[in-house]
Amino acid sequence: MITVKFFASLKAIAEKEEEQIEVQSSISMDQLSDIISKTSPKMGDIIRDNKIMISVNQEMADADTVIHDGDEVAFLPPFSGGS
Amino acid sequence: MSTTTDSKIRIQLENFSVTDEIEAMKKVSRNIGGITTFLGTGRELSKGQNIAQLNFEHYPKMAEKKLEEIRQQAIKDHSIIDMSIIHRIGPIEIGENIVLIVAVGEHRKETFTACEWAIAELKRVTPIWKRETTTHGEVWVQDTP
Amino acid sequence: MSTTTDSKIRIQLENFSVTDEIEAMKKVSRNIGGITTFLGTGRELSKGQNIAQLNFEHYPKMAEKKLEEIRQQAIKDHSIIDMSIIHRIGPIEIGENIVLIVAVGEHRKETFTACEWAIAELKRVTPIWKRETTTHGEVWVQDTP
Amino acid sequence: MITVKFFASLKAIAEKEEEQIEVQSSISMDQLSDIISKTSPKMGDIIRDNKIMISVNQEMADADTVIHDGDEVAFLPPFSGGS
């Protein structure tokens, strides 16, 4: 089971804040975006277009990062904190 | 209004007192000669639009972790004595405090450099997002300068 | 402890509240997005000597005039909205506030530049003198960095 | 009459904080240092050695500044305010 989190503008696009995805040991980022696309095609497009950042277990990740069972993956739109 | 100043890295709903945060940092050393602080506040105008309210959201734990990394790197790279970073989340009115960075050092030069670096780095790497409420509705701000 | 925040240029015996000074400057505009402050404090060590106490003296009227000139030039040359400068005179203990510069602007960049310029300029042109009390006695500090 | 002020370390050297000097309409900075030297030779040396700054009516002055009756002249050692 991996936990997927959506933040800020992505919550409205994904129509959720979080989802749990059942996996066998590990999956690639491409496989994860395919799974997300099934319930939210627009979110899948955004991930594939590299318009957002992705973290795995709260560290920045990229398209090559392998996701393991138990990981927390987050989709992060451009940051705008700081004032 | 202000909360505990115990932790040097905080993300909180409540306002903070700049004086209290500075006094907390002064306790770190008797050899502090310069303290530079940056305080970000809610502006009324943004790209020609009148802002009614701001609202900040963060990725809990990851945001705090990034702020702590910024603090550690500022101390290591800029020869300051210490740094504290506080960012508010939730609704922010015009004129209210949003973010505070306090850099303390033996001399002023390194505290300016460290403080200016830290706020730029915060904007670059910290998972915090701003939503602006204008007369045209609400919008998530997507630009990181 | 703090006195009136009415004037943007002050030389005073009493301590000041950084929070109160910042809040006073916030009232100048609803379009302030960045506030950089520099606070100088009494250090225990100076050139390897242990300091017991500091004591500041100024040339009345001329010192205030110079601070006002610094404020005006900072606003004019650095595109900030406003600036306040407060310097204490008389005895100062280790860790106590000595000088405060508050630069408020629409964005952070100009407030850092203006604040750093102003404290350097203050040290260069303002008739204020520091006397250090060490175990070896009292000495007027003659260096302007 | 001109008013002469001494600050910081110069007070101990001049052995005073302030003095009043009677003048005819105006004098040069050299003439003023000669007058001061009479009561405080060490202070006169310091002025002639250019080791300090001089203000007239609270504006910075130099060796060429003419001092008029009613002016306030101050001898200023290097500044050390600011922290």
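A, B, C and D label the chains in the order they appear, each numbered from 1.
Operating definition for what follows: a contact is a pair of C-beta atoms (placed from the backbone, for glycine too) under 8 Å apart; a residue touches a chain by one contact, two chains touch by 3 or more.
Since this is a predicted model, take the numbers as computed values, not measurements.
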Need the CA-centroid distance for the pair subunit A / subunit D, whole Å please.
74
Taking the mean of the CA coordinates per chain, how far is subunit A from subunit C in Å?
49
Chain-centre distance (mean CA atoms) for subunit A and subunit B, in whole Å, is 27
Going through subunit C residue by residue, note those that touch at least 2 other chains and give them in order.
33-34, 40-42, 108, 119
For subunit D, jot down the residues that touch at least 2 other chains.
83
Please classify the inter-chain touch graph. Allowed labels: line, ring, star, complete, other.
other
Which two-chain combinations touch?
A-B, A-C, B-C, B-D, C-D
Which stretch or stretches of subunit C touch subunit D in the complex?
40-42, 56-59, 61-63, 65, 87, 98-99, 119, 122-131, 140-144
Quick check on the complex: what are the subunit B residues that touch subunit D?
33-34, 108
Of all residues in subunit A, which touch subunit B in the complex?
5, 7-9, 55, 58, 74, 76-83
Would you tell me which residues of subunit A are touching subunit C in their complex?
83
Of all residues in subunit B, which touch subunit C in the complex?
17-20, 22, 26, 30-45, 94-95, 106, 108, 111-112, 115-116, 119
